[in-house]
């Protein structure tokens, strides 16, 4: 029974991690511009992240190492430096985007410009990390995150043509704006397959003291949780297609356009629900990425780490998240457009994927770490596919970043 | 035992199971006519910087000396005779509080983190 | 007393007496002798790297896939045949031809039983 | 969408390809796999370069500024209409509605400035965008004054201008 509760909590938690400003913004843009045509990208991204999260959890439960720990140990410091720097940079941008997401929600709610909210939001995030425990943060974010289900409810209430939705699940070539189409596909994949999701998950497994008895729970949480998160993303896309697209708003370039998604469905409550969803999803993600930055550095250099310790006991760990939150608030405070930053960082996330996914191929097949629980054929095929996808995305996203349907 | 695989870059924990760093380097003594003998494991940013190249190494050594004084001009050494166990982690028979390894973390705690309410 | 930092040897190119490249150092084998830990062998070649990463079959297949497989073997060079006094430039002490009997097949054939038991004495669960 | 780093199409492939490639090579090289092995992977690199050129061409061919800007302007105009609707029915707070209208008016003005075309079609598009922008400003004033009648008048102007824009942009719009 205890396991069952833990599994359901875990599922809800992974939703909190999955849905953040990146998946909301990319799904909304894709839906507005291309209707249901890009649903396949969300599905593909979700399947990939299920595999990676399952492996990260299995690895941590069996070997008692996080993925980051093991990359340093197995590949050495010089090779570790590249994924470390790339992930720190991508996390910095994504965290900035998340802070921007909360700041926008605060602007919608109060009418005070988003720049003014960046530092208060960063401070609030920091305060929770400073005082809270891992379980508190994990579960608090999870339960509040359920509000994002309003997108699924809205999607069902709009009575979409389900056949058309199903047709969108199959990749197809765009009828117009090819570069923009592929750029959005890349951004959606980047938003779904975020490295911070699986590196955070493996740290969480250590924080929650997982062992081999958790392997079943791990599988359930990874599979159901990410599916759940993907469903909400699809919900956002459907709502964007049926509300924004149908009203002739095909280009979502401005974050002000986003709350209009839910208003025709729920009226004033639609506005409130959108603001709440955006704020909570982004706030949760900012918390997780803040922690992840500290995990990355502490695990990479072998310092003491753990969110359940008092800041006095791991000053370096706390120092890292304090500093990274402060830095991440700066671009938003300076008035950088959060939506542009989000889209940019999602494409960059996709480009950084090979650096963090290639090690999976080695680590999950290394008997000295995972023993008999090493990858089977299917998991290995999935990793190889994700690596190949990652390489293509990396090569493609940079020129698309530049042209991006300009 | 394979040095690069089983020793280098592994987690080091002290007598009280405190994580004190990774095995950033391994020092060996060259002896004429006899195989090289491992003297100590090395920890610290200077060792890491040296692995990236001679110039980063010099910069880091200068930085460490400027910030931390003479005590930090050289990487931290833990003699091989102090290494108790080489497994998932490397267990060493020292107490990190009696070394200079965590000086900077202590400084951070006393001067920054500890001064913030609620630490 | 001359000391050397062994981590600098990782990934270094080994040169022969005539300055020809033999391959890159991918593993340093050490053995316990009482309380002491002594360096016994240097493993050179990409297959040594695969071995370290536990990726011998996968790595070999990838190499074959991209037709990058130039050699079928790695070298296991005894400690006294490699001059590591400058770890940035390790040099062979013997002639290249003498290396031929230090070759080991990519499939790990010809390895001594001692080197396959990689678990160290006090290995924790 | 507007790129963060607007760079001319020509400059792309050569500069980016080696960078991204060498990074991945580093990632999988472990503690120093032979770097020169990757040099022999030239066929692969050539394939990648070809892909980049193709993508670059695809990107360049679809980026006619006037189409892009009129699409942007049309979306901004529709957003303004929708926001006024929402505000009038009490579904959107005044602060949000006014900030949105302000932002839309600014993007409309920017879109108008981006179009540098001397032919008559271009001029018609610019005129229509200008009307949209003016109507949006008016809607904003109405919302801020709490005057639903002024807002609905502005909404009427918005619809007219949107129709003008659609008509003006049609001959040069892509087949979609």
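Note that the chains are named A, B, C and D in the order they appear, and that numbering of residues resets to 1 at the start of each chain.
Following the convention adopted for this analysis, contacts are C-beta pairs under 8 Å (C-beta built on N, C-alpha and C of every residue); 3 or more make two chains touch, one makes a residue touch a chain.
This one's a predicted model, so the numbers in the text were calculated from it and none came from an experiment.
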- Query: What chains touch chain C and also chain D?
  - Reply: A
- Message: Quick check: more C-beta contact pairs at B-C or at A-C?
- Response: B-C
- Central chain (by mean CA position): A
- So which chain is the furthest away from chain B, centre to centre on CA atoms? D
- Message: Taking the mean of the CA coordinates per chain, how far is chain A from chain D in Å?
- Response: 25
- Task: Let me have the rounded angstrom distance from the C-alpha centre of chain A over to the C-alpha centre of chain C, please.
- Result: 41
- Note on the structure: Between chain A and chain B, the Cα-mean centres are separated in Å by 35
- For chain C, write out the residues touching at least two other chains, lowest number first. 10-11, 26, 52-53, 118
- Query: Considering chain B alone, which of its residues make contact with at least two other chains?
  - Reply: 4-5, 8, 24, 51, 88
- Among the residues of chain D, pick out those that touch two or more other chains and give their numbers. 30-32
- Query: Which bits of chain B are touching chain C when the two form their complex?
  - Reply: 1-8, 24-30, 35-39, 42, 47, 50-51, 80-81, 84-89
- Query: Which residues of chain A touch chain C in their complex?
  - Reply: 74-76, 78, 361-362, 365-368
- Residues of chain C defined as touching chain B within the complex: 1-8, 10, 26-32, 35-40, 52, 79-80, 84-85, 118, 120, 122-124
- Report the residues of chain C in contact with chain A in the complex, numbered from low to high. 10-11, 53-55, 58, 118
- Item | chain A-facing residues of chain D, complex | 1-7, 9, 12-13, 16-17, 20-21, 23-24, 26-32, 48, 51-52, 55-56, 58-60, 62-63, 68, 71-72, 74-76, 78-79, 81-83, 86, 89-93, 95-96, 99-100, 103-104, 107, 162, 174-176
